[in-house]
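Got a structure for you, questions after.
Letters A, B and C mark the chains as written, and numbering starts fresh at 1 in each.
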Amino acid sequence: MERGHIFNPSYVLVTTPSLLFDMTVKPLEGMAEDSVLFVNSPREVSIEQLKKIRVIYGDLTGLALKYVGKDILSAAMGAVACKLSGLISLQSTLGAVEEELAELGLETDIIEKNVQLAKECYLSTESVGLRGLNHKPLHKVVEVRYLGEKGIPDLLSVGNTALRKTGSWRVFKPIVDKNLCTACSICYIYCPEACISLDERGYPVINYDHCKGCLVCTTECPRNAIRVERETAWS
Amino acid sequence: MSIIKYKTLKDVPKEEFLVPGTPLCAGCGALLVMRLFHKALGGDVVWVNAAGCVTLMATFPYTPLKSSWFYIAMPSAPAGAQGIRDALDILIKKGKLDPTENLKVVVVTGDGAASDIGLQATSGAIHRDLDFFYLCVDNEAYGNTGFQASSSSPMGSGTATTKPTHLYPAGNVLPKKDLFEIWRSHRPPYVATISPSHVIDMLRKVEKSLSFKGPKLFLALSPCPTGWGAETSESVKLAKLAVETGIWPLKEAVYGEVTHTYIPSKRKPVEDYLKVQRRFAHLFKPVKNESIIAEIQKQVDEYWSKVEH
Amino acid sequence: MVLKMLTGSQAVAWAARLARVDYIPAYPITPQTEIIEILSEWVRKGEMDAMFVQMESEHSLLTAAGTAAATGARVFTATSSQGLLYGFEMLYNIAGWRAPLVLVNVARALAAPITLEPDHNDVLAARDSGFLQFHTENVQEALDLVLLAYRVAEDHRVLLPTIVNIDGFHLSYTRESVDLPEQSVVDEFLPEYKSVNPIRASAPVAKGTPVLIPPLYSFFKYQMHMASRNALNVFMDAAKEFERLFSRTYAPVEEYMLDDADTVIVMSNSFTSIGKQAVNAMREEGHKVGLLKIRLFRPFPTDDIIKSLRGKRCVVVIDQNISVGKGGITCPEIAEALYHLEDRPKVILPVIAGLGGKSISLEEFKHAVRVANRLASLRAGPDGPLLLFREDEAVLVESLLKLASGGQ
């Protein structure tokens, strides 16, 4: 029985591939060679540590958009989690999805779409059985050093959230059509994230490292000069 | 000071004081408000924050702000501002701090802190004529904790603790606390409502407030796609609708004297605003609740009937 | 040497003035009010170059005090009891911000039932917050320990806020003869406050940000703990300097007739004075009794307590506080310090006395000492704290209860 941090997981499921690269999240920590990683992605992701672990990919975002029309993944991920170990039946899985979503007060047709989504995800994921149970990672206990003034929680590196590439959140990507754009600067003004800057001639430049894909710019553009495409880089 | 500094969108200052990469929701209205507000304030600012969504913008070891930031606690951001303002003043007065080190002290909180748990500290700070700014980013609920009702939640809205049921068909039955009036009753130098959709109005108000010493208080409608149940892309559009339906009046009060800075010539029906948010969906489905929608419309109409043109 | 008759409140106000504090946020609560009244008057008359602000609650008071200290001002404030508890979360915040300031707590028992009389439940409730805690026996100590508190709190090896506790009424409103230090000598003892990462335009900083990564939170708390432990050495260094300049000695604990004592009474704060009188009386009757006064409560002076109490036959810990359902707060801390010693005392007797300002008579001290010694002879331990109460008090209580119930 586990509580809190799971030191040696059998399965790790990752909804957003960019989390694999995040310094504080470290989802692969403690994974043994025979444990399984599931990544929500239409294609393989290249990362050094993945080479030793069994990795399964699935485009859950694509399936969610297809069945439900939104990138809401809980039913999909739940179904994958149930199937991987082979311990939970399809019937139980779908029953759980229906019950959970009914409790949220969602409309019947939405629930049904989620159930269909869960079913597809369950059936298209392979079952790999219980894995990675014998792995015991080595931890060493050390003494904590007193750092004096350096041990005070003051944050001196201001403006450093740029290090976090929130562009990886994006499911949809706004793209400016320079032919239609009149450099009115409205998209620049209304971007909540300050992800649009203006070049020397006043035309918008989108910072794709950080753009979350909220698409306020698309809605506000008076010329419909911003089109939307499914993000392919990470999801 | 010159409030004609901001005339068209071309006058929006280009310098950014917020760096992207915050963990706030995509389409966050509060973030847009802060970004624009900061442009009019300039750089030498210390933001003083009470618990809310905005708290999460700076989590160790990351901060998006190029300016200073101090997270206090939930009830007492204005008291925190008092300590900072007073310390800066006394240190400068005693010659222990160079006057160039001075900062504008700006409290930023959500509506939960502003109209509930922090009301006492706010009243105290305003009463003492503290020289500070207060920006309340109002998304009409306790957003950070999962969108529970606050005293700023409008009548008829659904929240996690005011779910519409057969016993409570309206969802939230209590009225939205009039924080503008509460602040105004203290007769501070400057109080204003702002909206991220009406940028020039916002910038002008900030610029005007700079000429006053004492409390300068701003109530900003902050559309919340996550809590309001709207598309992230609609945040600015919703803010615009709130203004155009008359639900969110744009006004200011100088030492208590009110002026409306924008009066919609023909107000859109409130229904246009309500029907595109899932927090009001129960007023339309499964059956349209004409009486509650009419009540909301009536209150808006009554408000504007009292506004002199 | 200038001797003045000062109340505890006047003494700590003088200490704040001599320390040249910059900022005094205030909110009135009995029995602290005289402190803020005096400071307010001095500031208004221009006798103190400081800013005095009356806040609208103690929660706001503590908040303003903390942020002002984090901005680089030397801050003094005072509260008590219900006020301390009202702003309780801020104590942990200020310590976590590592913002040094001095808070005088005028000890007063906690509601309910509400009272104005002193005991130590209020100040001891703050023991986990990260604030250092100095407890004072008399008015001279009250003044001196405020000065020492600034010196220790602001030291860059510590950087933790400090509470100086003075008993309500017994010290705050009682006049005693006090040697009032000279400003020039205090200036030599107390250098100007040099804050770490203060808020200013040229060096933007984000303070108080959430730490959502568990090992990082643990790390910062460990740092605070180590800083507090450091404060013991910093205090002793500062006390040496204090002795040189003011000819008064302060250590984390104070021993009274301990050398050949086989029973030691452990106490703190103003009632220690009557404890010492009780020791004198028992000595005259031939009992080898001594007294250990705890002056520093946080950081806890483990080594000093071990040194003073090891090898003693009986220890009687008088707690003027109670953790309801367990007993006194300081006794378990002392017992833990002594546990691993081969020559630990045979009996550690927890005693509850003085709650809500209840007096402690000579007979009650004697009774506690007798009980402890009897247990030692029987090679037994106590089966719970000794709740001190007198017959005359029992009679009084009975009559009052009768009145309240309408004679039923």
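Note that in this section a contact is a pair of C-beta atoms (placed from the backbone, for glycine too) under 8 Å apart; a residue touches a chain by one contact, two chains touch by 3 or more.
Values in this document were obtained by computation on a predicted structure and should not be read as measured data.
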Legend entry - Chains touching both chain A and chain C, listed by label: B
Legend entry - Most centrally placed chain - per-chain CA mean versus overall CA mean: B
Legend entry - Selected interface, B-C versus A-B, where C-beta contact pairs are more numerous: B-C
Inset, instruction - Please report how many Å separate the Cα centroid of chain A from that of chain C, as a whole number. - result: 52
Legend entry - Euclidean distance of C-alpha centroids - chain A vs chain B, Å: 30
Legend entry - Separation of mean Cα positions, chain C and chain B [Å, integer]: 43
Legend entry - Interface hub residues of chain C, defined as touching at least two other chains: 204-209, 211, 213
Inset, instruction - List, in ascending order, every residue of chain A touching at least 2 other chains. - result: 153, 155, 158
Inset, instruction - Could you tell me which residues belong to chain B and also touch two or more other chains? - result: 58, 60, 63, 65-69
Inset, instruction - Provide the residue numbers of chain C that touch chain A in the complex, in ascending order. - result: 96-98, 156-157, 159, 196-197, 203-209, 211, 213, 219-220, 222-223, 226-227, 230
Inset, instruction - State the interface residues of chain B toward chain A in the complex, per the touch definition above. - result: 9-10, 12, 14, 16, 18-24, 26-29, 31-32, 35-36, 57-58, 60-69, 163, 196, 199, 225, 231-237
Inset, instruction - Write out the stretch or stretches of chain A touching chain C in their complex. - result: 24, 144, 146-149, 151-156, 158
Inset, instruction - Sort out for me which residues of chain B touch chain C in the complex. - result: 44, 46, 48, 55-56, 58-60, 63, 65-73, 75-76, 78-84, 86-91, 94, 96-97, 100-103, 120-121, 123-124, 127-128
Inset, instruction - Sort out for me which residues of chain C touch chain B in the complex. - result: 22-23, 25, 49-51, 53, 55-57, 59-61, 63-73, 75, 89-90, 93, 192, 199-202, 204-213, 216
